[in-house]
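Each chain carries a letter (A, B, C, D and E) given by its place in the written order, and its residues are counted from 1.
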């Protein structure tokens, strides 16, 4: 072979086109990456602009202090957001009561007790649970959980807060379990070994070492679970009813922020009416709630990462 | 003096072991409970809907007669939807991930984008529906077409795909990058020839899981205004359509008990589609399992 | 299957649907959920006749449907009440000429839970007492002291619906509906709600009652039970009413598919109305509609 | 230095009379110990007697089984699911593989210090108090005493006494390692196992730990794994040389380093491999 | 052995005439090179001349800047965003920090072999063909020739010639490392940088690589970082001793190992620290 590879390289290198590509690509990719930012801006602007229109028709103070949500009234429509918030909180509260103990227990079991084989089976199954579409959960709540509950507690109505609350809880179990498990299994093995080498039982290791070390990660998972529960739509649309109520009753029909948006979207109001704008105001409130949760969760898990 | 008395230690040991056992049992029970929920859910739906499953169910349009109701329009509609969502979300997702992992300087802008993505992932899907309604359906006048719904869904799952792709790209060992640069390769050559091939399994796995979320999402479709009474198949992306979860929602909210059965059958179809997509993901994950 | 009679019912048979060359095109409609069962059936049957015509029918309620009609998003709009003046004005403003077609009669049915053993009949006054918001919580005993002192649970169609408007007009008389009522555009939600709650009362189109008569109990109003005769004759008063669809003239003229589908609708809606539980019009009324349609072509 | 005070303060752990003493002065006796990780035969027919109040060093090239052997002595090795063993390890005359031998109990008698300092992500105080607490000691005053005694015992009291409530990750690696040693001392063990306790530390911290080991051996039996031959020579009384899972030579440290019997020991010590 | 054939088959890379040759026989000359990772001053006033067709070894304790220096020579160190440099590194008479100096070009002239074998997760063939391909060589026949020549040059042709299409991760670590060397040879570099190329390998593979280095130096200039002093003594012509980012001593390998000028060099070589 006569010519050297370096000579061939020197000849064949089309440096100009290479340079242009190298310059162009980062710019293109930057544009693509900005789509996610634009999406956020789009969401915020959409919500804000339509919400402002809403507030030109309904006083801001009525909205945030009002305890009556009566958008369809003939005489005097009232838009006090609290009944929808209360409905949302009822669902979220029940969901958390169901999901936190089970989710965290499952996380402890998986990270501290389960053998690799068990983990290898259980984790994908939990993933399946996490992948079940919420419409399916909604159907399950309406056609199974509610009738079962009614057979024990006849005072429970067909549309109520308990059944969808429980099912939303079931829905977020995998999320809490897997995020908590991540937090716990990222506690270095050496720390766990240190505790075991002092004669600790597995429970002592879990309870006195792993859980405290992973605590902020665990809290972050719960907060994210909260955020998911607040934003959950189909389960409540199907099974919780559509009666915005400002009270403490869990057995009867309620309405959440998400379910109201769906109700109106299904056709209760035409474009341009106050009711139409009200879904943006509700959507914006919902957005603020979940955003606060997400930021809190991000903060918690960051704290946790710094610890060791 | 000695503080730790061995006899006491031995005596307490039994109690500690029992506490350990009890809690182990409790944790196991809780885990089993979560799994049990899944089993009940699946059993319920299969036992309710299996009877309605037949070839006709797949090839019929929806009908006001429960026994003739089929899922054809919704199934085909969902496939159309995926045909829009998959390329859109993957180009955007992988592109963003490449930018963030390979090009962006670690600084305020990057961490802002990163934080933004994390927050976007937590925005409820119904809010994405409002975005789609305002921007795609109304402002861009796409109506309730496949394209409008597809773009909405793409944005919805974008954060998931970005994060999965970032993780896949990040898990490509730095040594491979170094080796490529060390041979005089440019950045883009390194990305195309080394990084993407090595990360592709992770990217695909993450993307398929994200797509299977998109296929089951209902709320954005409702808000965007997808109809259900549809007796035809779409032929282009600007056509109206209906999708599996919409059809299931419609059936499950009908009062006649027979339609509950139809809804359950629809759910089985949806779950089979999801199972199929997940098995592809698992297959890819196993097939491309890298040995570096 | 109701396609056989249509040649008989249609007076002007210059192009009957089943013999015509296969049409292509799309037609979009929206509107009343009361009318929806008729349209749903018609769309299903029509797809067998003209498989290449894409008909979509949304169910946004009468008012919601008109909103879209005004926006030009739909070619026809179903309604369970006559168009309101404001709506007509908006349409004029938007430059949309339209024609009203009568499709069938409905008897707005008041229903209670099947386990309810005491409510058999209510007067219009009773209805008013029950449904108008007066700041108190309502119990059955408020209506009749012999009835249990239990709180009544209300289910009603959403305010964008023609059913609500009609109920508002004849019963509420523009006063507020009870605050505790579950309002839903989705009549199925109402049916489910009433089925699941022994103290429930609600109302919706006669068809929804017929479809669920095994699991619901209908209440007579001033002694009259809603059925085909009482509704058509007007004896079931004041709750019987006509159902319409409003078609865009321009669409009928320019869009063959629209014309054909409308024709199919008028030819078959009587039979379909009966099948889904409404009361058909007389033949003359349908012929008049078809004549109106021809005039637009 | 405060080493003098330490010696007087820490009591020599007494072996309870019920414990049978098969071999005088021998804490551990290992007999025909074999260990497999799955199919990987990591320890082969190990026979070793570990003396009381001595420092026994284990040396050998990477992967020869040093850590594995050490972790067998407190049965930590069983945390790897695929592990199988045969043979006997007697601790104070009783075979630790016996069916009803409680590992937790064994591990409270046999402390362990790891290669990388691994304090719990808690305050220094809570790190030391961890052991006593799980053994049921709740009295704050007693705990305070134990913490001080243990930290003194690990020669780190003066450096941390004013920051007992700070997180243990806030101090240097060498200090962390001594906190880990103190944590072990707090449950007053009989034997202390150390797996390359200085390999992650700087020379000065290393020196401190080495001095500490010298002091501790007056009260504890210490087994230390090290890859640093100078260290083995400096601090141990006996040295075992491992190679490919076998004990090639086990003798007094002086003999091993000045006059090894086996050619391979000599090769390793003179740096010809490893 | 097939070493004879290799020598005749590989062409000596010609230095193009346009390149100015400031210092005879010196490939690299480093002048007052300083490098910071953020505020960490990792290289301090380095002055070194690297000779042509020689093996230059760089030794020193962990963290002293050996790898950093090596990665400066092909500007790989710039992949760390926080890096700042001052001073000059002349390669073949031209300062590589010059504004319009193309790094890609530099790196095609200066090959690099890393501590851990890092083949691409592709076939052996594609690994070797990677360099030529990214530089535009597509002709399959030429590629075949290059692959064979490079694998022969790295003394691994006979071991892999029947499995060129298998994944490079299917062969042993030592073989992988030689494939990586072959991959570098495929673009016929002028200089080869090696960063502890044998530290992840078993003794026999190490030996093979050491032999290979001896052969390669006939045609390439080699700079090798190693923590194994025996290795440096065995294979290098010159040795630089780094400590805390400074060059303490740079001399012929014989001198460094038999008669070092600096006390610290002597201490390090005799194993007193590091």
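Quick notes on this one:
What we mean here is this: a contact is a pair of C-beta atoms (placed from the backbone, for glycine too) under 8 Å apart; a residue touches a chain by one contact, two chains touch by 3 or more.
A quick note: this is a predicted structure, and the numbers were derived from the prediction, not measured.
Between subunit B and subunit E, the least number of touch steps comes to 1. When chain pairs are compared by their number of contacting C-beta pairs, A-B comes first. Centre-to-centre spacing of subunit A and subunit B amounts to 14 Å, using the average Cα coordinate of each chain. Annotation: 42 Å between the Cα-based centres of subunit D and subunit E. Residue positions 104-105, 108, 131, 134-135, 187 of subunit D each touch two or more of the other chains.
Contact with two or more other chains is made by residues 142, 201, 204, 266, 271 of subunit A. Of all residues in subunit B, those that touch two or more other chains are 16-17, 186, 225, 253.
The touching residues of subunit A, when paired with subunit C in their complex, are 68, 70, 72-76, 142, 146, 150, 157-159, 241-243, 245, 252-253, 263, 266-273.
Residue ranges of subunit C in contact with subunit B, taken from their complex: 26, 28, 36-37, 39-41, 43-44, 46-47, 51-59, 73, 186, 188-189, 191-192, 195, 208, 211-212, 215, 276. Those residues of subunit B whose C-beta lies close enough to touch subunit E in the complex are 105-106, 173, 175-186, 189, 193-194, 197-198, 290-292.
Residues of subunit B that touch subunit C in their complex: 61-64, 143, 225, 227-232, 239-240, 253-256. Considering their complex, residues 1-4, 6-10, 12-13, 16-17 of subunit B touch subunit D.
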